[in-house]
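Two complexes come next, and they have one chain in common, chain A, joined by chain B in the first and chain C in the second.
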Partner chain A sequence: MTVLRDTVVKNLAEIEVKGDQDGLIPAFNVLVNNLPTAFWNNFAERMVAAVPADQRAAVVEGLVLSAYECGYHTGYGIITSDEFKSVVEPMVTEGAKDVLRGAFAVFTAWGWAKSGIVQLKEGERMVIRAVDYYESDSGGEGLRAYMINGISKAFFELAYASPYPDGMNTFNCKQTKGIENGDSFGEFVVEKK
Partner chain B sequence: MPFWIKEQRFVGNDSDNSLKGLVSLTNIPDLLQFLSLSGKQGVLKLHGNSMKVDGVVRIEDGILCHVSTARYTGLRALREIISLEDGSFMFTPGESSLDSNLDMPVQFAVMEAVRLNDEEGNGASVRRKEPAEGFDLFALGDDDINWDEDAFSLDEPPLAPKTITTGEASALPETKTASTPNIERNDTAQERSVHMPRRDSTEILSDLLKVPGVDAVVVSGRDGFIIESAGSSSRISIDDLGATIALTINGIEDMGSELEVGRFGDLFIEYGKAVILCKPIGDAVAAIIAPDASKLGIIRHKSKKLFEELTELF
Partner chain C sequence: MALNLNFTFDDNTYRHYLNGELMVLHCHHYMALYTKLAEDMSDYGGPKILKESVEDAFLGFINQVVSDSSLSDPASRLAGGAELYSVLGLGTMEVSGSEAGGEVSLVRSHVDEGWKKKWGNNHKFINHFTCGYVAAMFSAAYGKGARTYDVNEVASIAMGEAKGRITVKQK
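For the complex of A and B:
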């Protein structure tokens, strides 16, 4: 047995999602918001467009870094949450690999990106593919799935780097393909620095 | 051996209405299937250049009645013949006085020969050959084909130095020529890296889709994530397939562990409306969807190399 993402998605879909008086949703040990994806896409697009061309790379790096830091802490919240323990953990038989599968299943269930592991060399390299993600609708130029980029690196570090919170900045992630760039899917390669 | 074929006596039409061609432009299973499906009756003579294999096959009503090479007869001879990758063939329709040494439907015989070759690692896989665009294999004139009856009486011509490519290595003699790269016979990945650039999965899936009888191909992670798919099937929902494959393979692997019979290597499921062929490729699983099992032999043949390529990617 390994983690079956279909089972995870179906089980998580039954969890009631309801915002508090501030619009935040307490789940998976973290607070999740419920804003339209267009908001985040516009936010990123305007950030990049607002700076001169020679500084855009720095802004892009900042956007990825934001997603990465958020993903590292949120990811830890996810894999230590009661929801994860009750839905995913019973299917975990292959250790960190299955935890990663479970994390990407949750990522999919929450509607962030229909994504999963394509290739995994434990502790060394991982290739993630996303076939449906909100950043593919964003405006701008080039590969711009900043969120999946940061999240992929964060999840891999949670699985294979030093235990939380000391494992940050152990790996790099590079987006190699993107629907927003004309490819049929988005692809992200995580490797050691 | 040098005069073996000449001693065969064929009764029937002469070469005027025969079908001739080069093995390098097709492969033997395809050719046998073509002859079988088109209801041909007659004798197929084959001459392999590099492997120095001469063979004779008699087909009647889709049944292989006689197969022989210089060394073998019956199914064992067929195993040798289907490994040919170059040379020439000539099919002469009509009756034959060749004795029967086999009685198997072409499809089944080919499948069985491939299976046995696979089990022995005998280089059974049939390399896919893509003729040049607009090229009609069977429209060649006699001048285009170096067909010579005397070719069957070769006196052990020296083998031209050749480079070993994947699938050929195990079929070649042990002796290596000076120009033969020093490649370990079983190191497929290494061989491939020496001889061809690695293709991406989309390209390989596209090739799988060209195999006759294949409706769709799906690559799924062990967790059921559809990594990639090509083609479409009106019979099966591709999205649902990923989840069900993961569930099924998990169950099958659990069974394998419980019974201590190793990891699963191949899964073939025949339903009323579709056939699904699953194979592990690295850490993922590939599934081929076909409408029925009639072309299963060809599918298994042609997909083997492509599955090996996919294995290197996942």
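For the complex of A and C:
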């Protein structure tokens, strides 16, 4: 058996996530928030549109970096959590490859994107395909799934770079297709720098 | 007060909804870095863009939740907005005011505490997110549109205060 995404999603897609008595959601060694996707999309779209052309790359880099750091730290919290151990680890038969599949299943369960790994050369290259993701609802021009881009890179580093927290900035991720740009799915290619 | 909350999950798209609004889980790293990006882009209106992005995303949503909860008078709707803030993992606030404006005391704050976890105390106000939320919350309570209220931080947990304080004034 290997990690089955839909089984993980059904077990980990916690529907009723709410703040505790302090109005906070501490989980996976981070503070979690549960917000309308419209906020994240509004800010990304408006910030990119607000800057002159020579500043656009810096804004895009900042948006991807935001997701990358979130994915690296929260991703580590997820794959070392009791929930991950109880739901995903019994299905792990192929080591790091299956941990990575499990991480993307959680990625899907949290509402980030209905996505999965379509090509994997261990420690070298990975292609992610997303058939439904909230960033494709945003306005703007060009490929703009900044969040999936950053998190894909982070998860690959958690699986194949130096152990946490020393494995950052080992790989690059490039978005090559996007629903928001007229393609039928989003595609993200992670490769060594 | 108990809000009437309807969490749903679409088995086909794997999207999450709360009272019909598309929702997503993220963490304090993501929020802190979005806030920092807005700060870094201050020359291009970053903090204002962040504040207005929140106000526009939340005004309809808060209206929906308080209406679904059968809260009709302004004071109840205002309290409902404050309760929703906690449900979403954003912290806890105490709010008082009228149609003309008011004040929010921020007892706990995802934005401020997340910033401090990442970078420690800051030297200036950074909770643009909650200012946008409070603007939407007052507008939803008093049946107003976006940009009705001027909302500003005057004390900040991220700057080392025990509580945050936010003032609200109708424009």
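In this text, the second predicted complex is superposed on the first by the 182 of 193 C-alpha atoms of A that agree within 3 Å, B and C clash if a C-alpha of one lies under 4 Å from a C-alpha of the other, contacts with A are read in each partner's own complex, and residues count from 1 in each chain.
Just so we're on the same page, a residue touches a chain if its C-beta (ideal position, glycine included) is under 8 Å from a C-beta of that chain, and two chains touch if they have at least 3 such contacts.
Quantities reported herein were computed from a predicted structural model and do not represent experimental measurements.
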{"item": "Clash or fit (per the criteria above) of chain B with chain C on chain A", "value": "fit"}
{"item": "For chain A as apex, the angle formed with chain B and chain C - C-alpha centres, to the nearest 10 degrees", "value": "140"}
{"item": "Touching partner for A:Leu24 - first (chain B), second (chain C), both, neither", "value": "second"}
{"item": "First (chain B), second (chain C), both or neither touched by A:Leu35", "value": "second"}
{"item": "Which superposed partner A:Ala105 touches (first chain B, second chain C, both, neither)", "value": "first"}
{"item": "Residue contacts with chain A in the superposition, chain B compared against chain C", "value": "C"}
{"item": "Which of chain B and chain C A:Val118 touches, first, second, both or neither", "value": "first"}
{"item": "Chain B versus chain C as contact partner of A:Ala67, first or second or both or neither", "value": "second"}
{"item": "After superposition on chain A, the shortest CA separation from chain B to chain C (Å)", "value": "8"}
{"item": "Set intersection of chain A contacts, chain C complex versus chain B complex", "value": "none"}
{"item": "Interfacial residue positions of chain A with respect to chain C in the complex", "value": "9, 13, 15-19, 22-25, 28, 30-40, 42-43, 46-47, 50-52, 55, 59, 62-63, 65-67, 69-70, 73-74, 108-112, 114, 132, 134, 137"}
{"item": "Chain B - residues contacting chain A, complex", "value": "202, 221-228, 242-243, 246-247, 250, 254, 282-284, 313-314"}
{"item": "Residue ranges of chain C touching chain A (in the complex, touch as defined)", "value": "5, 7-9, 13-16, 18, 21-31, 33-34, 36-38, 40-41, 44-46, 49-50, 52-54, 56-58, 61, 85-93, 107-108, 110, 113-114, 117"}
{"item": "Chain B contact footprint on chain A (complex, rising order)", "value": "1-6, 101, 104-105, 115-120, 129, 131, 184-185"}
